[in-house]
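So the structure is just underneath, and the comments pick up after that.
As written, the chains take the letters A, B, C and D, and residue 1 is the first residue of each chain.
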Amino acid sequence: MPNENSHRMKVLEASLEIPVRFSETDAMGVVWHGNYLKFFEDAREYFGNVYGIEYMDAFNAGYYTPIVKSNINHKASVYYGQKVRVRAILEQQQASKIVFQYEVHIVETGELAAVGSTTQVFLGIENKLLELVKPDFFASWEEKQNWKEL
Amino acid sequence: MPNENSHRMKVLEASLEIPVRFSETDAMGVVWHGNYLKFFEDAREYFGNVYGIEYMDAFNAGYYTPIVKSNINHKASVYYGQKVRVRAILEQQQASKIVFQYEVHIVETGELAAVGSTTQVFLGIENKLLELVKPDFFASWEEKQNWKEL
Amino acid sequence: MPNENSHRMKVLEASLEIPVRFSETDAMGVVWHGNYLKFFEDAREYFGNVYGIEYMDAFNAGYYTPIVKSNINHKASVYYGQKVRVRAILEQQQASKIVFQYEVHIVETGELAAVGSTTQVFLGIENKLLELVKPDFFASWEEKQNWKEL
Amino acid sequence: MPNENSHRMKVLEASLEIPVRFSETDAMGVVWHGNYLKFFEDAREYFGNVYGIEYMDAFNAGYYTPIVKSNINHKASVYYGQKVRVRAILEQQQASKIVFQYEVHIVETGELAAVGSTTQVFLGIENKLLELVKPDFFASWEEKQNWKEL
């Protein structure tokens, strides 16, 4: 009988408040849908800051971490003058990839504005090859974290 | 026995060549991943131009057509100096929504750079309500088109 | 003989720290030059926040405040991973316009990255006409501030 | 007595039509002011294409050509659904810099939407130093062109 615990998702999360820029709105008066990928990126960067695993750590270890998949589900519009709270949830993976789930809430009303996810892989800067085995720098970092079990 | 033809997807498509702007690249030297949603939007607008169903037609009929879902799968990087060909494929829907599939190829090499899709709904400009029945202006337009069966 | 003091510039200022987004860099590895206008706008919005004179105050009084002039002088490059401090300096005007000067410093090094300015005018939302006399809502706000004399 | 002709500005020009992207508009329903720097860049790139002097020519000769100055004067608003014609005028310089003047007209109405200019310098990719003498690759290119005298 399999150990139930081995199927439980392990996560780490961080949340960031981002004010909406006027330049991010469109002629419908709301945040242009594509800008949510900027919010997701801001949240990833903040997460990296909080947990000590940043773009430069990957870069110095010889890897880019390009986005290979993204998706967004829009639930409510966000208007100029509002702030969004973006929650980035990293789901620990067996495979050699970085998967975040996101929730975007409007600070002023508490409404859920959008959910989404991104998947990144490890790409060798020198050899331009996809790294199929989880790199050491990332595995080491993962081991040191206090993962929350869902 | 079900009529096989009722399950066949009906589509219309249009393709557009877009040169990559320097401002669309990032410090990895490639098109920043979020900019593909701009390419999709360009292709939607060109499609609307070709088939006579544009933003202003929806607006004049009283509707916005906001994006409620988007996803992108990145296959290859695109560099400054390259051009992309974006193919927008509209899949005819029973429901009151607009669903496009996209393929992005690099013109210079023929490589597939990305695939993706977007879903739009009809939102009343005045009442801000989601239109659950396909609006007449759109249904009429659909009837006049020469759909290709897949 | 003119009172020397009447020729002295009166100013108000506010400063804001902004982290550089990865999406704001370009293939030269630095912040794409056009994005400084976003930094200026962020600083204007923060200024409005601090001094209680915001987009919505103009909007409710019946005016848009579109930018009619902008200029940027770039002194040093800004890299991903750095933060900029943007100082917005409002220069009190006789005429019916809003003029800001900006200084952008790199937080990590103290270097001056750029200077610039923007000019805004008051445009009636209803009549689409340029307001040639300083609007009351703005003049009232100006009177309540503690201007610094240069 | 100086030869009057030596004071006459020598220019080359190219014009490009650019449709306005929905993502380029803002909540005032018009093209967000900062996006004109993208239009200027598009026009520079098209100019380079037409006259055979492009980013890669500078790059291969060992130089970046970063923007050190920009300015924009806005005359009329541009709306989604309109196209702009951007005219890029290169003014031949003695000094080691690249100076463009721009005019942006709305195709549908003929109105002048904006004017502006940009100045670029030659920056060594390796040594990161400003090149004070006009580089050979650029001077050679200049000699081969049919400059128009104003």
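Criterion: a residue touches a chain if its C-beta (ideal position, glycine included) is under 8 Å from a C-beta of that chain, and two chains touch if they have at least 3 such contacts.
Only a predicted model underlies this, so the values are computations on that prediction, with no experimental measurement involved.
If you compare A-D with A-B, the chain pair joined by more contacting C-beta pairs is A-B.
Averaged C-alpha coordinates put the centre of chain A at 32 Å from the centre of chain C.
Rounded to whole angstrom, the centroid-to-centroid distance between chain A and chain D, based on C-alpha atoms, equals 38 Å. Separating the CA-averaged centres of chain A and chain B is a span of 25 Å. The set of chain D residues touching two or more other chains comprises 22-23, 30, 34, 37-38, 41, 80. Chain-to-chain contact here is organised exhaustively, every possible pair of chains being in touch. Residues 19, 21-23, 37-38, 41-42, 45, 54-56, 80-81 of chain B touch chain D in their complex.
Remark: chain A residues 22-23, 25-27, 29-30, 32, 34, 79-80 touch chain D in the complex. Considering their complex, residues 28, 30, 33-35, 37-38, 41, 64, 66-74, 77 of chain B touch chain A.
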